[in-house]
Each structure stands twice: as C-alpha cells, then as structure tokens.
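Next come two complexes, and both contain subunit A; in the first it sits with subunit B, in the second with subunit C.
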Partner chain A sequence: MEQSGTSTLLQGAVQDLASGVVSALRGGDHTRSVLPAGTDGEAGDLALAAVRVLGSDALLPALLLRTPPDPAEVAVFRKAVEAYPPRADAAPTVRWSHWGMARTLRRVDPSVTAGPPDEPGTGWLDEAGWQTLTHQLAVLAPLALPGEDCAVSRLAGCHPVDVARGFVRAVRRRDWRQAAGAGRWLTLLPAVPDTVGLASGLDFVELMGGQDPLVALHVQAARLMRSGARV
Partner chain B sequence: MRSDETVTQELTGIQSTDIEAALDPVEADGVYRDSRQCAALALFTGAGKLLLSPPTPRPKKG
Partner chain C sequence: MTAPDDTGDIRQVAEDALAWVDTRRAGFALGEDALAVDGEVDSSWKPLGELAQVCATVAHHTASFDPLHARARALLDFAWQETDGGELLRRLQRLEPFATYPLEVYAALASAGFRHPAFEEAAAVVARTRGWRLTEQDPTRRLGVLRAEERCGIHRPGQAPHMLTRTWLGGLSEPWTFERDAGYALTHVVFHLTDWGRDADGLPPDLVTYLADWLPPWLDTCLEAGMWDLSGELLAVAAIVARRTGDPVPRDAWRTIRAARRPSGEVPLQDRDPAPADPVDAEVPDDGRYFLHHYHSTLMAAFAAVLTSARPAGPPAGTGARHRHGGQGAPA
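Up next is the complex of A and B:
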C-alpha cells in the first residue's frame, strides 16, 4: 500500500529516534540526549509525534540503564504525552501506548502528581488467537518491562506458549518487528518452552532485521532484560 | 502552483490519525523463506536448535 508523505516522514522520524535509543542502550556516546532538544515549529511537531509513536521506549535508556533522564528530555516526553492523548474511539493499542507513556512519565518526573491512569482493559484480546495475540503484544512491546505490572503483561504471562508459537511464526514469516517484539515479551514470561531457542532466535532476528532500528531496539532491550536489568 | 513552504507544511502536518495509524498497524504480509534459507536458519541456530520447531499445536476444540 502506498504511504502518504506525512506517514513516511513520521516513520523516518521514529526510526531516527529509535536509532538514538539503540545507541544509548548499547552504551553509545549519547546516553542522555536521545530525545530532540527542542519541539518548536514543524520539525518540532514531527519530533514530538515521533516520541508519541515510539512511546515509553523513548526513555528506555533511563529506565533500563537507571541513568537519570535529562530534564529537557523529560519535558519533551511530557509534551508528547499531553499533546497526543488517545481519542475516545482510539484502538486499544493506541490507548495502551498512551497509558504506558503516562506510567513512565510518573516514574521519571517527580513533578507529576496525578494518580496512575486507569488501565484501558484487555477485552479485545479475550478471544484472540495466538497469531493476533502475538501481533498485538509485539505492537505493545514498550510495555514489556521487568517488574512493571499491568493487565497486558498479566495476560501475556498467561500465554507463554502462544507467544512462543507467535515468535516462531513471525521469524518464519520474516516479520522481524513482530519477532523482536514477541522476543522481548518472551524474556519476561514464565514457562517459555526451551524449544523456542530464544537466545539464538533473538540473535537471528537481529542478524536478519537489525538494520531496522525498531527491531534493534527490541532485541537490545530483550538482551538487557535477560541479563537482569530492572526498571 | 503550490510553494515549497506549503508543501512542507502539508507534509509535516502530523495529524492524530497519522499517529494512531502508526500505533495500530496491521500485520505485515508474511514472506516465507525457501528451503535454502531454512537450511541456513538451521545452521545458524546450531546443533539442532530450534527455530524450525515451533511448539506442538494444540489439539483442536470439539
């Protein structure tokens, strides 16, 4: 399907932002200046939208590496949360993404005094097959954080074999983003079958799809979490 | 004829629908590898592990 110019620009901005996050997660030079410094003008609008699309992962280095986030980055993140709330009829993934950002903001910004937002619910996944479940979980991979409980993570925890099956399916379909997102979830789930070969699988996903920064981000996050990184 | 500025404005005019579309993507079409690529995958995983062995299908209901 042909994409609009706006959507192409947005995807490019998201990939640029994800590249910065990956570099920071790998211990690159700019562990703190991941987010754009300013958000004025049209370029700023694009950057802000990219932060909203990348979601909580925009501040993932601060969460997983336990480095104090730069106040300017937190301000941009907060602006993205406030500028793009989900519409009333938004898809569940959109609502959960925003919920995850609000949770992250509460963690990194002491000035946020509002209580935790209500969870959007997981009813749309109640009857989902393992293929759909894995796809939706992969889209919501920014919620896959160690020690961070929510209804989505609890639901994922009840379906380790389904997610494992979905991970294998994604690899075989060469859907590297879905495979990376599912692999990230699998690092957190109990009772994942050993036969999945998760470590080798993540290596393979990175080898085949790692040129996509969003793939690299989830693989790197999974590796950090497998090595014991906590939020 | 539209000015460059107008075009730029249109291109960068991010709408919430653009963001929501990015946050709710449809599943990408699958591209299955051929047998040679499958063999490469088996070699990569090494010693019989495992990506070519998805979990056993669940029994059908009913």
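Up next is the complex of A and C:
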C-alpha cells in the first residue's frame, strides 16, 4: 500500500486528490470539482499521474453520490486512463486498477462507445493465503463498489472470513491503509462474522489512521456503502 | 489418541522442551522462603504449579509406554516431592487460608492423581465462607479458581457461565482489539473451560466459532512480533478448538516456533530475550534470569505440541464451525 518508488511530489498530489474526494464524500454532494481542470505542462502530468494512482476512486463522489460529474473532470479522467495503459509486464493489481478506471469511464462518459474491456483474471490469487489475499484486495479497494460485479469482487465474495482476518491483522499491524481497504470490501461481502464489529472497526481505523486521506477515503466510502449507497 | 498425519516434528518440540525442563529442575525447586510471609510466589510456587499443570496434561494425552509420558510423570513426582507430598501446601494454607494460589497449585497436582486429604478438608471449610466466595479477582482468574475448586471436590454450579460473560473472550470482543493482555486472558479462559485441554466440549459453540475465526490473525501477528510465549498459548488453544472444528494444524506457525528454539530445545519468552552466551555450548547458562525468561514459554510449547500431536485423526463428527465458510481457511 505504500507508494514506494513514486516521487514525493506525486505522493503529495495523490494525497491532495484523495483529500478532495473525501471532502466531497463527506459533504454529501459534488458541487465542486475534485479533479484538476488543466492538465498541460509538468503540473498537468503530475495531476494525471495522481489520478492514475487513485484509480476509479478519483470519480468516487460521482459514483456513490449518483451525481453527474463535471465534463471537465471526465475529460481529465479519460486522459489519465489513456495516458497510462498497463505495460505488458504490469502487475495484476495495475491491470485491474486500469480495468476499473476503464469501467468507470464507460459509466460516466457517454461518448465512450468501445465495449467493456476484458477482465485481467485472478489466477495470481489462486494459491494466496488470507494475508496476501487481503493485501491485494486492499490495493484494489477502488473495485469495491456496490452492485459492480467483476472477477475480483466475486473472488472476495468467496472469502469473507479470510478478508475479515486480514482486516484484524492489518489493525494489529497498524497498517491503516490496508485495514481501511479491507474494511471497505467487508461492507460488500456476504457472511462476514458479526463478531468482527465492522462499524466500530471503521471508526477505530479512522481515529488511528484517518489523517492519511487514502485511509479516510476508504473509510468514508465504506460508510456510504453501509448506509445503502448504490452505484 | 492417534496422531494426525505427520506431526512428528511438532511432537519433537514437546520432547525437546521437556528434556530441557528436566535438566532445569533446580529452577522449579521450592526455596527456603516457600512458606515465608513475604515470599516471592512468582518465582517459587508459580513455576512449580505451571510445571505440574503442563506435565499433568502431557501425561493425560500420552500412553503409559511413551517415553514422553514417563518423563512427564517423573517431573510430576518431582513436583509432588517438592511439596513434601502436599504437606507444604497444607502448611501454606494454614498461613494464608484465604489465598487462592495454594488451591490452584494443589489442583494442578490433584489433576495428575496426587491427593492430600487434610488439605482438601481445610480448603472445603474455607470455601464455605462468604469471604472466600467474594474474593475480588478478575473474571478470568476467578474461572481458574472455580476449576481448581471442582478438582478439590468443591462444587459451585452456575458460577462459571456468569463469570465467562465478563471476560474479554466470553464477551466476544472485537477481534481487532486483541492485545497482549487480552491474549493471555483469553487463552486462560479456554484452559479453564476445557480443563487444560482435556475436555474440548467445555467450550460453548459460539466461542468455538469465534476462536476458529480469529485465532489465525492473532497467531500470525504474535509470531511476527516474536511473542513466542503467547504464541505457544495460542497454538494450544488452536489445538483445543481444532478438536471441535477439524481445522488443519497450523504448520507454518509451528515451523516458526521450531526455528525460535534455543539449541537445547528451550523457547524464549520473546524474540528479544538473550540467547545463551555461547550458542554452541548447550549447557550454558544456568542462571536464574535465563530460567525465568525461558521456563514458561518452554512449558507452553510442550503443552501446545502435545495437544496438537495427540489430536484425533480426521475431522470431528457432526460439528465444524469452519464448514459454514465453505472452501475458506487459508493457511494460518
């Protein structure tokens, strides 16, 4: 979950973008733009890269609050999708993240006429233990959206106890990003043991790690989904 | 009992651990201050009681012809002799009639068949008082005293369920609130409810489900933190729960415990405890500090290893908390 290998500047841009998403989610409406308007020059490259890192969650307010996004935001989002296609040797999480962005773009941009992209597959998780499974799902938390089916969400749906164990492990290890991402998935999964105490668990994760906008984003998304938000 | 497939390496942990304990009998011996009013209970009666408790379990779960059984029985004989056939416990009881630890030590020895009728008669008289029954203790310790009373023929039906709901485990605490102290409390609740692993049916079904669900992340994080002592206790709980669920042996966890052992088979309390001065020399060191940093975790490793390797082969009939989760249960 650490953004290792990315520059401090990019990390800052991602944090700023995530803060904007959290603010919009908390505000309950989407009256102001979250994504940057201009994408020209170096600053624009940085902004596009930040959108690519955040993935579909860059447009999460539009998805969860069911408000049409600003066309300028959609244009930036589309530019990020097109600017950063996964390389041939990209990790499965990178492929899935890009796939999730393409799915979101189709939802918010009527001008996209291409068919749905092929799903990348989940073979890399076939033999994964619950620790690795939870870590990878947390990385792919932007795919955790109500009513949005894909192979990753179906896989997660087969492992509610494993993901719940991963949530417990992440809290124990003070890995708040992983805990928040796992908690977001748990809001969608069937047959999660009641004893996990998810509502108070999300509050605790926010209390301990909520100063990180990426943590706050997943916690807020989870709360909205628990309250019945649909995409 | 028949061993599940391929638990020989785990049983070896118990053999090595008790072999180390056997060479450190002096550490368990009661000192001159065993009956002193201001004696250090934690370094005298407590280790002896824990030795007796673990060896009683080992003896119970091994056949009489098994060398491990013989070693456990020999250590139990040693422990009983240290109490002068229970007489020191009787004298201790006269000095501190309302202290509960003499009864708890006695109960461990009594579970292995050693009895001292005069001690039990005296304990029964004291236990009839309101003062004894209202001794202020945390609920987990109280469950232990109730178990000890049962072992001595003092019956107080209906008390344990009331106490259980006031424990961290019995209240089904959120599993992510697990910390070190909660861990030690929950393992001991399980030990008290199941008579130290003799009766897995002593665990209520909701606790079986709860423990089966959450033991893996607790164990994983304790092992990662090098908390070998608590990890041993959790492995013992896992073995008890598995008798009800049929869950597989957590082999990765056992591999980690095996790797954490010192050359003579002893297990440190935690990762940061000092290794012997010369790791090549299995005879070093023999000081009290080294003993105190190794004896309990070594006993717990033996306890957990015997409970694991003596598990009935195959899944239990008609139960299985895990089964409701379908194909889940990734390796712990």
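Everything that follows uses one rule, which is that the second predicted complex is superposed on the first by the 220 of 231 C-alpha atoms of A that agree within 3 Å, B and C clash if a C-alpha of one lies under 4 Å from a C-alpha of the other, contacts with A are read in each partner's own complex, and residues count from 1 in each chain.
Just so we're on the same page, a residue touches a chain if its C-beta (ideal position, glycine included) is under 8 Å from a C-beta of that chain, and two chains touch if they have at least 3 such contacts.
All of these numbers come straight from a predicted model, not from anything done at the bench.
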Subunit B versus subunit C as contact partner of A:C158, first or second or both or neither: second
Subunit B versus subunit C as contact partner of A:Q11, first or second or both or neither: first
Contacts of A:V168 with subunit B and subunit C, given as first, second, both or neither: both
Subunit C versus subunit B, contacts on subunit A by residue: B
First, second, both or neither for A:S200, with subunit B first and subunit C second: both
Interface residues of subunit A shared between complexes with subunit B and subunit C: 131, 161, 164-165, 168-169, 171-173, 193, 195-197, 200-201, 204
Touch list for subunit B against partner subunit A, complex: 8-16, 18-25, 27-28, 30-33, 41, 44-46, 49-51, 53-55
Subunit A residues within the subunit B interface of the complex: 4-7, 9-11, 14, 42-43, 45-46, 49, 52-53, 55, 84, 86-87, 90-91, 93-94, 97, 131, 135, 139, 161, 164-165, 168-169, 171-175, 177-178, 193, 195-197, 200-201, 203-204, 207
Of all residues in subunit A, those that touch subunit C in their complex: 128-131, 133, 158-162, 164-169, 171-173, 179, 191, 193, 195-197, 200-201, 204
Interfacial residue positions of subunit C with respect to subunit A in the complex: 172, 174-176, 178, 209-210, 213-214, 216-218, 220-221, 224, 324-331
